[in-house]
Amino acid sequence: MTPATTTKTALLHLSGVSKGFPGVQALDDVRLELRHGEVLAVVGENGAGKSTLMKLLAGIYTPDAGTFRLNGEEFSIEGPRHAQELGIAIIHQEFNLMPDLTVAQNIFIGREPRSGGVFLDDRALNRSAQELFDRLGLTIDPAERVEHLTVARQQMVEIAKALSFNAKVLIMDEPTAALNDAEVEVLFELIQRFRTPDTGVIYISHRMDELARISDRITVLRDGRYIDTLETATSTVGEVISLMVGRTITGEQRPGQVQRSPDVVLSVAGLSTKKLLKNVGFELHRGEILGFAGLMGAGRTELARAIVGADPIESGRITVDGREVQIGNPAEAARLGIGYLSEDRKRLGVVLEQDVATNIVLSTLPAFTSKVGFMRDGAIIRTARDFIGRLRIKTPSANQLVKNLSGGNQQKVVIAKWLAKDCDILIFDEPTRGIDVGAKDEIYALLEELARQGKSIIMISSELPEVLRMSHRIAVMCEGRLNAVLDNAEATQEIVMDYATRFSAEGTVS
Amino acid sequence: MRSRLRGQIQQLLAFASLIAIVVFFSVANDRFLTWANVTGILLAATVTGLLALGTTFVIITGGIDLSIGTGMTLSAVMTGVFLTYLGLPLWLGVILAILFGGLLGLINGVNVAVLKIPPFIATLAMMLVAAGLSLVISGTAPIYFKETPDFVRLATGSLIPGIRFPNGVLIFIIVAIIAGVVLKKTLLGRYTFSIGSNEEATELSGVNVTKWKIAIYTFAGLFTGLAGVLLASRLSSAQPALGMGYELEAIAAVVIGGTSLQGGKGSIVGTVIGALIMAVLTNGLRIMSIPQEWQSVAVGAVILIAVYLDILRRKNA
Amino acid sequence: AGGGGDGAGGGDGGGDKPYIALVSKGFQHQFWQAVKQGAEQAAEEFDVEITFEGPDTEADVDQQLQQLQTALDKGPDAIGFAALDSQAAGPYLQQAQDAGIPVIAFDSGVDSDIPVTTAATDNKAAAAEAAKHMVELVGDTGKIALVVHDQTSVTGIDRRDGFVEYIEENAPGIEIVDIQYGGGDQLKSTDLAKAILQANPDLKGIYGSNEGSAIGVVNAVTELGLEGKLTVIGFDSGQAQIDAITDGLMAGAITQNPVGIGYETVKAAVEALDGKELPKTIDTGFFWYDATNIDDPEIQAVLYK
Amino acid sequence: MRSRLRGQIQQLLAFASLIAIVVFFSVANDRFLTWANVTGILLAATVTGLLALGTTFVIITGGIDLSIGTGMTLSAVMTGVFLTYLGLPLWLGVILAILFGGLLGLINGVNVAVLKIPPFIATLAMMLVAAGLSLVISGTAPIYFKETPDFVRLATGSLIPGIRFPNGVLIFIIVAIIAGVVLKKTLLGRYTFSIGSNEEATELSGVNVTKWKIAIYTFAGLFTGLAGVLLASRLSSAQPALGMGYELEAIAAVVIGGTSLQGGKGSIVGTVIGALIMAVLTNGLRIMSIPQEWQSVAVGAVILIAVYLDILRRKNA
């Protein structure tokens, strides 16, 4: 892992880059240097300007100011196509896939193989995609339509697409946010293989542990400004974090032995769905954080959706506070005090075209109706501002459209929505996806506070350390089955992974 | 704050095209800006305007309602049934006819929200069924309101003493204000926007989307019913063969007013302006005695230009 | 000239010619274009200004009344009006009378005393004439069908009922198996007539109640290769119908005198403005034409192409 | 693989409603399944069918085209101009008329893709302009094809010796196959889906969305042109007052065929089935001599049921 630090001219060099949006100066005189053959991590809090900087490089936005140099030569980017031609490939933070097209069609959009110059050759297309996946060690059906893929698999498609360009500069904007450890390994393997003396990788992530493993240097942004660049080898996580947030963050700790309440607030028995789930049963106690671990496609999301009535169940019993219930849709679940935060932020979480305040109160709107039936907008704004402050959501105002927020701040908006609702049972599916380290800690604290108040939380997460840090108990799923429910004290990464990979004897994913 | 102010300036500017058109016609023809002609334009805008008001809600949810034209006709026929055939008191007949419009909306809503039939198909089917039933119920002949002469004054009479300001226009203004308040200030309005922006996310937020969609279509149906009543009043008769094509005009008014067929965006003010642009254009060209075949060309061209200018304006704002 | 006080110097034309606004039942169809042509002839002859407007279809009562309203707002010296629904037009006619604007009804009668005269054809009688020829051509027995252009408009109803009533009264042996409505759209009428012919292979005759309907019937017959197998009777004229009659595809048709209607309307308006006495109705007449008389000058004069 | 097989079975099943309707009418009336009537139905389906084919592309991009009805009329009028007024040779006139349809599409495409005018407005404006120009150019009178008697055989003549199989139907079948191949097998088709599925992502993937949208609208316009030619041929004349309302019928056929107005989803097979359902329904009800007012009710109800069954089927698939 010795980067070619001696090279005089950097592979990519940016200086004096600025970009403003109405009400926000997203980037202010930022510089960045990517050397040949290196992986440069770019870190910063939510809304620091990381994605904006990358979108400039991808030709999506045009900068207000700044010079770009590629191998010492100044250039400007006219658009996405031009960026591709220059050898810059990007994996976007928010997916940019065409859900109605197949995986292979998505990957090769704009570069379709044709037979005789006229007709599309989908067989060749699928073959190329298959070759690509084989090379990358992925098992995805190239002919599957993207809308049928889980978020994690969509992420893999994005990654494969970017790698298929034979680019010189590969930009990855939080590629692991939706992946779990096994898939992260695959990705790192890919990055190492991609890296040659001619290429370089810009890697954005909020997972600090990854930085040491993959990056050579780390550039820190804060509030749209360049702060510093560190050599990974000679710096500590604590240093990086304090540069990012301007203060220090206390280390992680696991919950101690908690006195579990005997009250069962939610009990699930024999739950099966047509697609995946097989005979899942568990109990959730009052004041408990129950973590759900598992590999991609283990069925955790499907279980959550089945419980809140978003998907039909085939058999099984759900009991809330001792009463058996039939939950036909999420509205009924909400009435029973069960809230579900989806892992698919863009599609199922936020209402992108509405403002922050509207999103925060979306689940609680009826409570903001006055006696005569009018909405109490003052109260809505007050509540929204309260959460904007508590979760430190970076937005110029409560009236900003959510689509103009950074990814992490959008996630905070979704969390705020469910905190506002005051549900007794919260099912959080990948709640910290894309959230910066500082904010993560605050969210952990919030969840713990909720649990102390007697709320019960199911926390689905692909970040095993997070599950271990937060959960009183840990449920491990595999292939739609619930393989184990462990006490925090007895759980280690190894034990959890062991249960998560105990595939059924037949080894079939029906 | 600042963004709210900007929003209001934008809405004022949305008048720009309308005002330009009005100024043009005033200069071109001195008959245009007479009291009689202006109230005539307003009255002409009421029927499609009312349809457009209701449809604004449906369109903001990301749906569409093709049944408003013939649904209005059927409501007019039902007004005839209630008042002339059954001899009900005026107020009761009118209320029942409006509720009947709501019933049509309810059926649309159930088809869309419960049976999950695409709104285009569900309301197309309703359009055809309503067209047929209007003819069946009326026996393919107009129903007149001989027994209720007051009924005719509902649209064209003038409540305000002294000035000739048609009641129909007054009703339209009041109803538009109500629609605006409902859209901006009530739960129904909020969910209308939210469903249109992201139906799935709204559903997962614990909102009973099915129920609210039905409510929205039903609410929109009430406007159809009222439009039917006013139409019947203006024509002193329920004309059973009318109505086809009105839906397009109303939807055009909505879209010209800046409401997006993709859903999630729209306003009542915009719809009112859209309806006025259509009515002013039609009237102005007639007043100028432009040959009829050229009128159609001119309306098309002006709509295009007006919307294009509106797009430019928003881009620069 | 100059009408009574109110209408002086309307925005149109500029000069001080009298201005007569005509609101018809349509403008896109040839029949109405012929009416317009007659009106323009008269306008030239009597040196008056006219405008001619009509709704898109004969179902558009609302659109027509708006056009009438605008016409009134223009302050004309006289108005020519072909009502789609004369009762619905009542208040507007009243408005005209109050403003002292004389109204000439044309094409079909107006159910009101306000019009000073009516220049029209008796559509029912004309349709009965068509029926009479149908009976002559197909005999006393057999099945026939009607393709009518409109189910609710006055002309549609009159041309249907006049025909049907004649058959019922005078040829009880003839069975009317189907009446369908094609909106005067040639293509729709074609497909519709084809369906009727399919359903009734023993059909002896079809009557099409206006130009579009009649041409639709002729198209249906040729597309099915049934030329000469049944009697087609049409209404109105137009090049296609004239050709069909010359080629023997159509037995004959009724024509009104649209040019005459337009001409008489404007002429009556001018006379009303001059304060002349007018008869209550001006019958513009109708004619049966077929291959034998189509070249007569008298027929040629009333046909439009 | 499995999903592809499932896709094909689905498409076969999509015939179900159509077949059910056909079976019903065959049983109800023995004149229904005659050769002449079946070819008659097919011929009746060609004009709206052609319009629907082109519009399928536009709708899959997430757009809409309201101008197809009167655009067809204008193309028919231009056919008359080329053949009768200018006396061009038959083949040339026909090609020019089809290209003229493409030109209308091109204008729509530019308005939508470059000026960013919402498709509904852009094509509504074109609808009005085309309606007016048809009347202006033709002088509000039909244009006949006296000098080119062969022209009439284009739609109703029979190329296949011995059997009466109208050329128009043949043309429709060929064009439908071409449309199907273009949609499935060419770049244009691929980008049609891609744009409709996620326009932004397509743009970010380096596809020149503006250019391709223009291409798609232009391509769709060619169908409008061809429909105009066939219409003129069937009526032996260019009828300038026709056309309004045809767009709705064509769009209905597309949507009944399972193409989503949201964009991203659709098929040519579906559109053909949709057009056939409409034509069969209309013909069957006429053959049965159902009173016209009830026909409209029945068509509405059957469309609703057919689409509902289709939705159920897909859910269970």
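Order of writing sets the chain letters: A, B, C and D. Residues in each chain are counted from 1.
We take it that a contact is a pair of C-beta atoms (placed from the backbone, for glycine too) under 8 Å apart; a residue touches a chain by one contact, two chains touch by 3 or more.
Just so it is clear, the model here is predicted, and its values are computed rather than measured.
Q: Taking contacts as defined above, which has more of them, A-D or A-B?
A: A-B
Q: Counting only Cα atoms for the centres, state how far chain A is from chain B in Å.
A: Going by mean C-alpha positions, chain A sits 44 Å from chain B.
Q: Using mean CA coordinates as chain centres, what's the gap between chain B and chain D in Å?
A: From the centre of chain B to the centre of chain D is 29 Å.
Q: How many Å are there between the centre of chain B and the centre of chain C, using C-alpha atoms for each centre?
A: Computed from C-alpha means, the inter-chain centre distance equals 33 Å.
Q: Scan chain A for residues touching two or more other chains and write them down.
A: Touching at least two other chains: none.
Q: Residues of chain C touching 2+ other chains?
A: 27, 56, 151, in rising order.
Q: Touching at least two other chains at once: which residues of chain B meet that condition?
A: In chain B, the residues touching two or more other chains are 135, 140, 244-245, 292.
Q: Using the definition of touching given at the top, classify the network of chains in this structure as line, ring, star, complete or other.
A: Its topology fits none of the listed shapes; call it other.
Q: Give every residue of chain D touching chain A within the complex, in rising order.
A: Residues 1, 3-4, 181, 185-187, 189-190, 193-194, 196-198, 200-208, 264-265 of chain D touch chain A in their complex.
Q: Inside the complex, what are the residues of chain A that reach chain B?
A: 23, 308, 310, 329-335, 339-340, 342, 347-354, 358, 362-363, 365-366, 369, 373-375, 377, 397, 399-400, 417, 421
Q: In the complex, go through chain C and note every residue touching chain D.
A: 27-30, 33, 56, 151, 177-178, 180-181, 185-187, 190-192, 194-196, 198-199, 201, 212, 215, 219, 222-225, 238-240, 305
Q: Chain D touches which residues of chain A in the complex?
A: 58, 60, 79-81, 83-84, 92, 95-101, 105, 109-110, 112, 114, 118-120, 143-145
Q: Of all residues in chain B, which touch chain D in the complex?
A: 64, 66, 111, 115-118, 120-122, 124-129, 131-133, 135-136, 140, 244-245, 248, 251-252, 255-256, 260-261, 292-301, 303-304, 307-308, 311
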